[in-house]
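Next come two complexes built around chain A: one with chain B, the other with chain C.
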Partner chain A sequence: MDKTSLKEKKHAYRWMVIPPFIIYLFVLAFPVLLSIILSLSDFNGGRIFGAGSLKLIGFGQYAKLLSDPYFWHAFRNNIYIVLISVFGQLPLGLFLAYLIYRRIVRLGTFWQGVLYVPSVISVIVIGIMWNLIFSPFGPLAEVVNDFNRSSYQNNLEKVLDNYNYQNGDAIEDAMIDDIIRIDSKAARKAFDDPDKGIRETIAVLSDDTDEQLVLDLSNMLSRKWSSDFLNKDGASMWPILFVTLWCWTGMYLIIFLANMQKINKETIESAMIDGAKEKSILRHIIIPELQGSIMNCSVLCISGSLNSFALIYSMTGGGPARITQVLAIYMYEKAFMGSPDYPMANAISMMMVAFSLLLILLTRKIQKAFGGQDDEN
Partner chain B sequence: MKKLIVLLLVFSVITFALLANGAAESQAEGSAEVITLKVFDYAEATTAGFEETEALWEKFDEENTDIVLEKENLSNEPFHQKLAAYVAAGTIPDIVYMYPGGRSAVIHEQKLLKDLKPLLGDEFLSNFLPAVVDPEDQAGHYLAMLPVSICYSSVMYVNEKLLQDNGLEVPKTYEDLKAMVPKLKAKGIQTVLMANKDDWVMQSCLYSTIAGRFVGKDWFGQVIEGKVKFTDKEFVDSLRFVDTLYKDGVLSRDTIQISYGEVPGLFASGKAAILIDGDWRQSVFLTDKSSGEALIAPEKQQSDIVLEAFPSIPGEKYPGVVSSTLGCGYGISAAIPSGSAKEAAAVKLLKYVYSNEVQKTYLELGKYITSRTDVVSDSLEPLTLKMKEYYASVPETCYVLDSVLDPAIYTVINKVLQEIGLGTKTPEQGAAEIQAAADAWIAADK
Partner chain C sequence: MMKTDFRQERSLGAYIWKIIGYIIMILFSLLAIVPVLWLIVNSFKTTVEFNSNMAGWPKKFFTQNYPGAWRAGDFGILFVNSVVYTVMSVGISGFFSLLAGFGFSKIPGKSAKIIYSIFILGLLLTTQTLMVPIFLQVSQLDGVIGRLLEKVGLCAAEDFHLFYNTRFAVILVYVGSLLPIGIYLCTEYVRSIPTSLVEAARIDGAGYLRIFNLIVIPMSTPILITLGLLNIPTIWNEFALINILVSKTSLQSLPLGIYRFSGTLSSDYGKEFAALVIGLMPMLLFYLIFRKQITNNVGAGAVKG
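And now, the complex of A and B:
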């Protein structure tokens, strides 16, 4: 290459790189920098520039954040999402991609389409849909409770028949004991004192026909399955984790499948001639070949998980009482709900960036420790 | 390579020329004196009457060729959050729908809106209820917005027919309400339905009334001055009552999983005997003029549904009080230059929106009972008429907490109410947390 063309090339590169670089600075670097400045300031709304009210006050917001239990709670929920993403979506996506790639399941293209569909639906639609499914009056609860009620009803009819009980008769102690025994756990859930509660209910329902009494007592005493995950702190994230898994596994499946198709088929064929089983092919050929993709997907997973907002916001809004809150929602709440606290919101976003970088570095370290190579394929 | 550079330069020149042309066009528009007004409104496209109300705005747009309306509609949380974003960016739209305080307090306090009193004039304002034109009732102590109504945030929508079918009557006391639970539960019917998944619902639609019954109205002024505390017995008692509601099964803990959009359908389909919500919720049950369908048909509104205040509570000191606040309304951005043509256009729009004709349509659609006193109509649905009767039946009102307390305090109350519902916090622990938030707010304010 002669000197002039090299010079021209450099010149052209400069012209091509500078405009997008300037756009990048404005669109990405500037907001990040502004976010850092705001997190160190006392800004409380209104015009940022020209108002002369922005004062830097140091790292106070970060100190406040580190001693805030809700921040750590949101962080813990984010970690759950990172874990389900990295250790759920990726292995499952890889496994399903392998099944399709190796034609272990029939109709591979069909399954590929079915599993990928959730990734292309708006997460808000997905959130609302699962919200309705998990609602106490939703289809899931209706089906389970109808089943519980009808099986309880059969048992109750047998007990009442045993005692030849008709509504209005004197109630035998043994009959109450037998009713409680049908499902003692549900009875204790319905009443603090099941014996007293059942007697009082029968008294309240004294106008019922015998058939109606059985139906009403079954309504009252049968086991109620309410998708009350949100009412239990330990289980509140389960529906979200399930939907996260359901929603994005298909995307990783496609990425892994595309990369598997690049693997030299002859390698697999020769391994099979040497007697290698599917497990060995997966372990010794596919996974090492896909190391770069797995690494890339892990980075996508981690950053996506720490940023997860729309799905959770549409499913629970971070509630009730902040138990399903993640960092992005906590940040949003601080910035836009109630009394705005922009410095705190920006401090949270900076912490998210820091955690994200930390986790990605950790992933790279782990990959190197296991003898992996950097993503170069 | 030279060709490439030339190509890039030509591309840049064309881009800049197009941009410059756009700017020139907008300047030309300005010189033709077409005024663009940006309107940020609270409207939900899925509710009945949306098309009719939008048509009113379009009518103004068409009749005033020199004014162009750019209207943005949002509702519920997204509305508040977008408005907060506008405030943060210092770019609030020309005409803004907002609250007289509470969630819109920052707009009032930072005086981001014009005083409507001189702009609309005393003669125009004399057509409205005195309470809505009193500047002292707004957070900035001036008429930043004109409330379209007075809002009763706590109404018991009772399905009287459902109760009668089960041998029950409309409850007058809490004991009556509690006594209904086993019978309704046995029939698979919820006694009281509320959308407690959204944390503001319990606070606005029920707890404000409960607190008002236990501590009254002046107490909240005293708590801000530090004379009384949220940990005092009378306030803790009000939280204990919420706990009792859940423990007695009057309110199922499942309500914490029910979202705001779900409840009208559940109530209309008879899944619950009573719905507790704000007066604004009546509009979802009315006939949608465009489809002719109603969630509760007018004849059923008449025969099946009654509107009542929450029954008397054991230990209440202020019987019968119900939470109410000034309704929302529109204001004009302070960024519009005084005396400008744009200001005149904004005033013209507001005078149209608050005119008898427009307010009558809003009333007939069941959106709210207008604060304009000269509006009468003979085509109201039974539920709207019952709402008017309900207003008249309320002997005294108390505060809606999110309209009187700072967000730093009421957001904690909202959260604590949910925690009591979940059973993860006792009323005493909740009261201590609310007091801590109040202390922090008072300290920061000083």
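And now, the complex of A and C:
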């Protein structure tokens, strides 16, 4: 090739690669550098890019972070999300894909289409929606309590029929005992002294019709359930983990199903001729064949689970009292709420980058260690 | 015909399996779809009705929540903003990705490998991890450049606004965050275009720009469509970054607006549900229209969490 052509080649290469590279440096590479520098500095607002406005003071922020209980709490929540992603979304997606692939259920495309719907909706909408559903007096509580009440009502009617009770009749002791026995726990919750309480209530309601009496008593005495998971320590992460599972399982179903369809059918056919059971086909053919995509999906899961900012931000905001905070929310709080602590926020940011790189490296290591033969377990 | 799948299986065990399979599928599908339907149904209730009847069907379909929410939340502007952000970022990043993909795969050079692997490294980074440094950088850059320009005597330092609270910065950050996956997919794709085709065109005297226009772009439509289907929902639904890049209502995107709206109007459930439905409809429709193509792409593994 002659010289002008070589020059043209270089020239062309430059204008093809340099513009996107500059944008990339601006949006990803430079912020990483900036973040490292700021996490080691004493920057507290003001100009960054001026002479002498920054002083590097070393790894103090990281040390502070490691002894910060809120950091560890957020970190633990992040780990929960990684775990539910890798050990919840993936097996569930694989299992559902298997049901479709082996035609245990028909209409595969339909199920696939329906189950993917949550993945296309904005996580902000999802977060707000589930927050409404899980709210203490929300629809979930309503449905459960309606059910409790109607089953209580059935039992109550039976008891009243047993005693042939008409409203206004004299009250038998045994009947009161039977009423309490329907749900003694709930009765004790409704009245300090259930026996006395129920007697008095029936006496007060003695002018009502029989139906009205049954309804009022059921309302009063049936079990009340409140779905305020978000206000209970220990249980507060469950709704978030559930929604994480709800959101993305459909995506892994599609990935696994597509990869299952690439598996050579003859392998399965000959295994079936040899009398292989469904369970061993899954265990000894499908899972080993899918090993590569399982590993890739694990990487997706890990990087995706560190992306949980928007979901949690809109669902709980990290609250109540930081219980559902993850690292991204904690970082956001440090940088944008109250008086900003930028060095700390940047230290958290770098910890997150390190954490995800570590997990992804670990996944690759596992993949190498297991080679191509063993299955998921 | 061999018994290769369950359709031909007739034993009792197979029937039990089938029944269990259907029960599981129906349960999970209901779980996926009922909350969304619940949202849509409730957007047709008045707030008063919602408070007394949260889970049931509305007695009368009340449609006034929609115009009310649309006006109160300024969703007209937000919708336009979302369209602009999405179209621009997906378009520009697609163009740059293909350009760079062409450079990396068909013009071999020493630096190509290094720069390419730097881009690939970006696949492991999630931009929202970097929202604090990105915010600082974007919010300070106006001042830095402004002061420089003032020194040169071009304009006053305060008059320079290119980055913070601008559409430009939002699109720039979005383009940057889409580049790693775009460049990865485009480089792999253009690599599969026969090099002899490029060589032949070179011998005929075509410049690289001409080759890009006449050969690479037409042959790469499938990968550009893949990128579009993949990136449009990502950008449309993005929240973490735009939340810190923009503080004016007139620059917000739809998800950002929905979030602010539901925060300020938390007791007016009717309007809130309408707003949420407005928020989920565009991508739900997008999915319903392109369901087949999206499913194929996701299945091919062209996704980033």
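Some points to look at:
In the analysis below, the second predicted complex is superposed on the first by the 266 of 377 C-alpha atoms of A that agree within 3 Å, B and C clash if a C-alpha of one lies under 4 Å from a C-alpha of the other, contacts with A are read in each partner's own complex, and residues count from 1 in each chain.
In this text, contacts are C-beta pairs under 8 Å (C-beta built on N, C-alpha and C of every residue); 3 or more make two chains touch, one makes a residue touch a chain.
Since the structure is predicted, the reported quantities are computational estimates derived from the model, not experimental observations.
Of the two partner chains placed around the shared chain by superposition, neither chain B nor chain C is touched by A:358.
Once the two complexes are overlaid on the shared chain, A:205 sits against chain B while remaining clear of chain C.
In the superposed model, A:12 makes contact with both chain B and chain C. When the two structures are aligned on the shared chain, A:216 is found in touch with chain B, with no touch to chain C. In the superposed model, A:99 lies in contact with chain C only, and not with chain B.
When the two complexes are overlaid on their common chain A, residue A:34 makes contact with chain C while staying clear of chain B. Looking at the shared chain after the overlay, A:83 reaches neither chain B nor chain C. Within the superposed three-chain arrangement, the count of touched residues of chain A is higher for C, of the candidates chain B and chain C.
With both structures placed on the common chain, the touch criterion links A:335 to chain B and to chain C. The residues of chain A shared by its contacts with chain B and with chain C are 5, 8-9, 12, 16, 19, 47-48, 332, 335-336, 342. Put simply, chain B touches chain A in their complex at residues 1-2, 4-5, 8, 12, 77, 80-81, 84-85, 87-88, 90, 106, 110, 167, 182-183, 185-188, 196-199, 252-254, 256-259, 262, 266, 271, 406-408, 410-411, 415-416, 418-419, 421-424.
The touching residues of chain C, counted against chain A in their complex, run 2-7, 17-18, 21-22, 24-25, 28-29, 31-33, 35-36, 38-39, 54-55, 96-97, 99-100, 102-104, 107, 109, 112, 115, 118-119, 122, 124-137, 140, 143-144, 172-173, 175-177, 179-180, 183, 202, 207-209, 212, 233, 236-237, 239-240, 244, 254-256, 258-259, 262, 272, 276, 279-280, 283-284, 286-287, 291, 294-296, 298-301, 303-305. Of all residues in chain A, those touching chain B in their complex are 5, 8-9, 11-12, 15-16, 19, 45-48, 51, 131-132, 134-137, 200-201, 204-205, 207, 216-217, 219-220, 226-228, 230-231, 233, 316-317, 319-323, 332, 335-340, 342.
Within the complex, the chain A residues that touch chain C are 5, 8-10, 12-13, 16-17, 19-21, 23-24, 26-32, 34-35, 38, 47-49, 96, 99, 102-106, 109, 111-118, 120-125, 128-130, 133, 138-139, 142-143, 146, 246, 249-251, 254-255, 257-259, 265, 268-269, 272-273, 278, 293, 296, 300-307, 309-310, 313-314, 328, 331-332, 335-336, 342, 345-346, 349, 352-353, 356-357, 360.
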